Amino acid sequence: MIVAMKKGATGDQVTTVVQTIQQFGYRVGSIEGEEETVIGAIGLGDVTACLEAVGPLPGVMRAVRISTPFKQVSLTFRPVRTVVKVGDVSIGGEELVVMAGPCAVENEEQIMAAAEAVKKAGAKILRGGAFKPRSSPYSFQGLGFEGLQLLHKARELTGLSIVTEVMSAMHVDLVSNMADIVQVGARNMRNYELLKELGRCRKPVLLKRAPDASITDLLLSAEYIVEHGNSDVILCERGIVTFDKEYTRNTCDICSISVLKDLTHLPVILDPSHACGRRKLVPGLARAGVAMGVDGLIIEVHPEPRKALSDGSQSLDFPQFSKLMTSLGSLREVWQESRREFNGTSHLVALA
Amino acid sequence: MIVAMKKGATGDQVTTVVQTIQQFGYRVGSIEGEEETVIGAIGLGDVTACLEAVGPLPGVMRAVRISTPFKQVSLTFRPVRTVVKVGDVSIGGEELVVMAGPCAVENEEQIMAAAEAVKKAGAKILRGGAFKPRSSPYSFQGLGFEGLQLLHKARELTGLSIVTEVMSAMHVDLVSNMADIVQVGARNMRNYELLKELGRCRKPVLLKRAPDASITDLLLSAEYIVEHGNSDVILCERGIVTFDKEYTRNTCDICSISVLKDLTHLPVILDPSHACGRRKLVPGLARAGVAMGVDGLIIEVHPEPRKALSDGSQSLDFPQFSKLMTSLGSLREVWQESRREFNGTSHLVALA
Amino acid sequence: MIVAMKKGATGDQVTTVVQTIQQFGYRVGSIEGEEETVIGAIGLGDVTACLEAVGPLPGVMRAVRISTPFKQVSLTFRPVRTVVKVGDVSIGGEELVVMAGPCAVENEEQIMAAAEAVKKAGAKILRGGAFKPRSSPYSFQGLGFEGLQLLHKARELTGLSIVTEVMSAMHVDLVSNMADIVQVGARNMRNYELLKELGRCRKPVLLKRAPDASITDLLLSAEYIVEHGNSDVILCERGIVTFDKEYTRNTCDICSISVLKDLTHLPVILDPSHACGRRKLVPGLARAGVAMGVDGLIIEVHPEPRKALSDGSQSLDFPQFSKLMTSLGSLREVWQESRREFNGTSHLVALA
Amino acid sequence: MIVAMKKGATGDQVTTVVQTIQQFGYRVGSIEGEEETVIGAIGLGDVTACLEAVGPLPGVMRAVRISTPFKQVSLTFRPVRTVVKVGDVSIGGEELVVMAGPCAVENEEQIMAAAEAVKKAGAKILRGGAFKPRSSPYSFQGLGFEGLQLLHKARELTGLSIVTEVMSAMHVDLVSNMADIVQVGARNMRNYELLKELGRCRKPVLLKRAPDASITDLLLSAEYIVEHGNSDVILCERGIVTFDKEYTRNTCDICSISVLKDLTHLPVILDPSHACGRRKLVPGLARAGVAMGVDGLIIEVHPEPRKALSDGSQSLDFPQFSKLMTSLGSLREVWQESRREFNGTSHLVALA
């Protein structure tokens, strides 16, 4: 943390700033130029609280954080890429991993048909919601435990691994027993009780970015899981909230993929279905993500999208998904090139 | 729901639309003009899923929701204002209710000092966090149960009622036993498991708007609580996320106060502290909210803001709070005038 | 500007940073701590270009601007409030100035009726558009020169001063000859050719904030006008673009009023009509702005809003405007109190 | 336009709505169901003004626009793709067109070096600003006429066509005489006087999306140019404003490429340099745009980015640009596949 004092700041004002910083556990290095004084805080402390305390003090021109608030998930902290193993699939390594399936498990016939179709097309992991977070209490809320059982059955049938959402710390044991990857939905990205509980679970966690989360917010939520003991975290871009909701449900922040590959060692995947929310736009967006070097995709696929109980307008049918999977093949070379650009150490610094 | 078909849409396309709508449990009224066909869906069904299914069908020009997705919280549905009683304080009635206190309970001395000071200045309810949702796992996370006990002690000492946050469905019993109003923080506005549990609790709920929540999203989260049995819900504007984070932490959507007063019978309060995040701006914003006719305010007050473990930069000290409370008095006439403008029935309709 | 180097940055990296900064005309003060090096740039130069050059250099942890990029409009630079005189009206002084009238001049009858009505209710300045910037080429584009003549006539009839918009540098002479205040609409806030031309004109300029402009952007546009010779600039908040367009046309960034009063000596007014875009919400928002201490209001008023050629849904009719004006009277005390809080010097610093 | 009346709306309320609509020049088709009345407006009129007038009338539940407000630029209106010819280059046809060069023309040596380098790497059109819109009056404002002359010289030397910006209606003749494509910058997208003047000029126009412009806003600005006589308009996505400005300058709305290809027959290009604002992210984003099927790219390239007078942090140097151009080659197959998905007619409808 660095504090630049205003021109003409008094000695007393500097002293108050220094004492306030020290009170948060930092050592202080003060530098006095001819015209301006800059104070640096060195060491470990609660930088957020310290910035909040120092910012409004008299004589302060600007107080800025210098180091990133996330640590263990940072590529600088741990300069080796995390590869998350799920069965014989490696997420974050040399293969592009596609997860696919319906928004929600609706019945046995639907999930079995979806599982077989996505497997046949080349997906490695089956997605499907049993517990569904819905904006309205009157919308379909998922099959709950029965949905988990159907996913289990689909795994037995197809050999696909399963990713499904958990909505409450109370359900972590239940869901993590049945699933291979436990998903935290965008609306729960800041449900810290849930994150802490997932830190204690032994399954990989797929953490979706909240629509209003900065890159730093997302990494701090991942940090919660890692700090509480679970380092197998997969990050997922799924669109952010912007003024532009005329033709797409969210705005895909496609550059966040590159920014995250630069900042963190954790794998990063893209959910093109939620990011755009329109079936016609999903294939193009999936291809764009792969061209940028994403570690994987998670895509909504439904046997009959127009009969879907949720997300029908963004679900691909089987032929559309199959066609998309084929076209991804020709992106291999570009995918590798984009990934090579993020070898080595972190480079980007926050703008100010 | 109304579906406008494109000029030249075929009979088959119309039939598919009609059948798709019917499949979601609606009756259909189709109207054929000379050049265009408009189809109306009548009855009750999952309008979200239906819109998702119909929107992408061939021949559809536009499919729009007509009625609001929230029901029980709507002023049209229940044209009588809800007044939430907490001890002898009425929120939503003829008095402006001020809740105040520190962001977090830090220790006994701090919370007792704050309780006495805010009571003396005229606040009716004491705020203070025991369980703190923090972006970083390295920030102060609150005193937990010990914090609740200190709040209890402050209530005994001062007679003030208590509002404090609950972060997990698992803690609802614990917190609602100790608190007079249970707060749902902005980050948990879409924690539906928590909302359902609060529907079953017997204490009023203070529901904060998430920074990325539309008015409808907020009302749907309130609807979860009401639908699950608890109709004592207080809504709270606390700033939204926008591009404009240069000088304020959030952007106060001050007009949401009026919009909510028009749409819902539930009380609406303003949190000027989080909405702007800067001590110097809090008094002016509080006055603006009162001039608009808000039912109450919730304000952060700390004995020594620059030693606060959280939110120091937006907390008022005691003299500042006391001065603000005095100035609110002269707003009574304007406050009443603004409220009179929202007597009667709901008037605003969603823009398109 | 301050540059914090990464831990372990090499001497060569530091040298490159120093040379790059010097190349932009700055002197450099380098400070080496035990673990970290901080480099300060002193003097005057193109800080934007310098930040862009230094930010991506190897070894740089963070490069931040310290001083504000605006100078002459800053309250720190010129610690005396600017009062803009228009006839015998003073904007920025001891009176709240209300400007009112229709969105566009439509015909003689309409503008004369409006002029008389707003004058009778207490407005001091008549607004009305002759040149109208409209999103669609098929919408009413204003009466142009004829509209200016009708405004001139209304001034003769009522004695009200006139504020009207100019859309092009080519029309500055024409409009400034006919108007008492020349308005720059939100869409032209970054039309720098227009701003430069207005710097050369001898009439006060009402500069509206663009919906996507930060506070700094707005102040930099004002700086263009001042730097080119015209220091009579009035700033106007009129709503920003956010995700929240469900019930209001824009989101009123009400706190920008306080932020601007803190940062600049220029007068600041509020346009509640555009900021919310809904007639029912205008009076409450106008009162909120006054409670915050705004220097003036600009309000759309139309004889028959539902026959208006533009902005009908946000225009007050005569009785509504008259009623609002009456209610503003009881806010005088609070208005003064809010203004006192922004006496003295600038206090807020940019967040980081 | 369709107006849904509230349940229980009176006959008088319906009559008022009908009369109001008719007053704007529409015929009315009213449909009365058992419980609800829907009113449709048929014909041509000022739909914006009509919506503004009808929306607030008593008894109205919702008033929505059905058809798009843009006409001539719509793919439905003109179902043949526009191909813009510039010399022997075709934009919007079977080739991906890359425009490249420095942000601003700084001096002869710089622009000549850039022109030769980008030509060698495969660019077809040289970009370079002579008139520069800058947020601050203290930043480099471009070389003006001298810059145009240098661009002219670079064209003579290399044979590359030139794209450069015009900032004022007064300069349209000057710039269009020297340039092959005239660019409207994002800040002037709503400078309607400029757009009208460009409608009268005989050179293609490159129209950049403003950071706060919806897709419809952008298409309406294009409609201004086409309506005033010039149908050679190229649209350009260059990033929008969002809360997410931590690591990127803007947020690239990559899906807008697909949305635009669906809605309009005009060519659509991507400016990855401004969209992300960080050199390291430009190549990945450029590849993503090509994978989505964009008609072209416009990329900032500078001989020595860290000496650039503007946009240094987002400019590629020559080797980086050359490497990027090589990698784009392997995207040809995917590029064609994405484009095939937008053959045929427009499919997307606005969400509501």
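Order of writing sets the chain letters: A, B, C and D. Residues in each chain are counted from 1.
Everything below uses one rule, namely that a residue touches a chain if its C-beta (ideal position, glycine included) is under 8 Å from a C-beta of that chain, and two chains touch if they have at least 3 such contacts.
This structure is a prediction, so every number in the text was calculated from the model and none was measured.
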Angle of the C-alpha superposing rotation, subunit C to subunit D, to the nearest 5 degrees: 180
Winner on C-beta contact pairs when A-C is weighed against B-C: B-C
Label of the chain whose CA centroid is most distant from the centroid of subunit D: B
Separation of mean Cα positions, subunit D and subunit C [Å, integer]: 26
CA centroid of subunit B to CA centroid of subunit C, Å: 30
Inter-centroid spacing, subunit C versus subunit A (mean Cα positions, whole Å): 38
Shared interface positions of subunit D, touching two or more other chains: 51, 55-56, 212, 241-243, 245, 278, 280, 347, 350-351
Subunit D-touching residues of subunit B, taken from the complex the two chains share: 2, 4, 29, 31, 33-36, 38, 40, 42, 51, 55-56, 60-67, 241-243, 245, 347, 349-352
Residues of subunit C touching subunit D in the complex: 20, 23, 46, 48-49, 51-57, 69-71, 133-140, 167-171, 187-188, 190-194, 210-212, 217, 220-221, 223-224, 227-228, 241, 278-280, 305-314
Complex contacts: residues of subunit B adjacent to subunit C: 212, 214-216, 240-249, 251-259, 262-263, 275-278, 280-281, 283-285, 287-293, 327, 330-331, 333-334, 337-338, 341, 347-348, 350-351
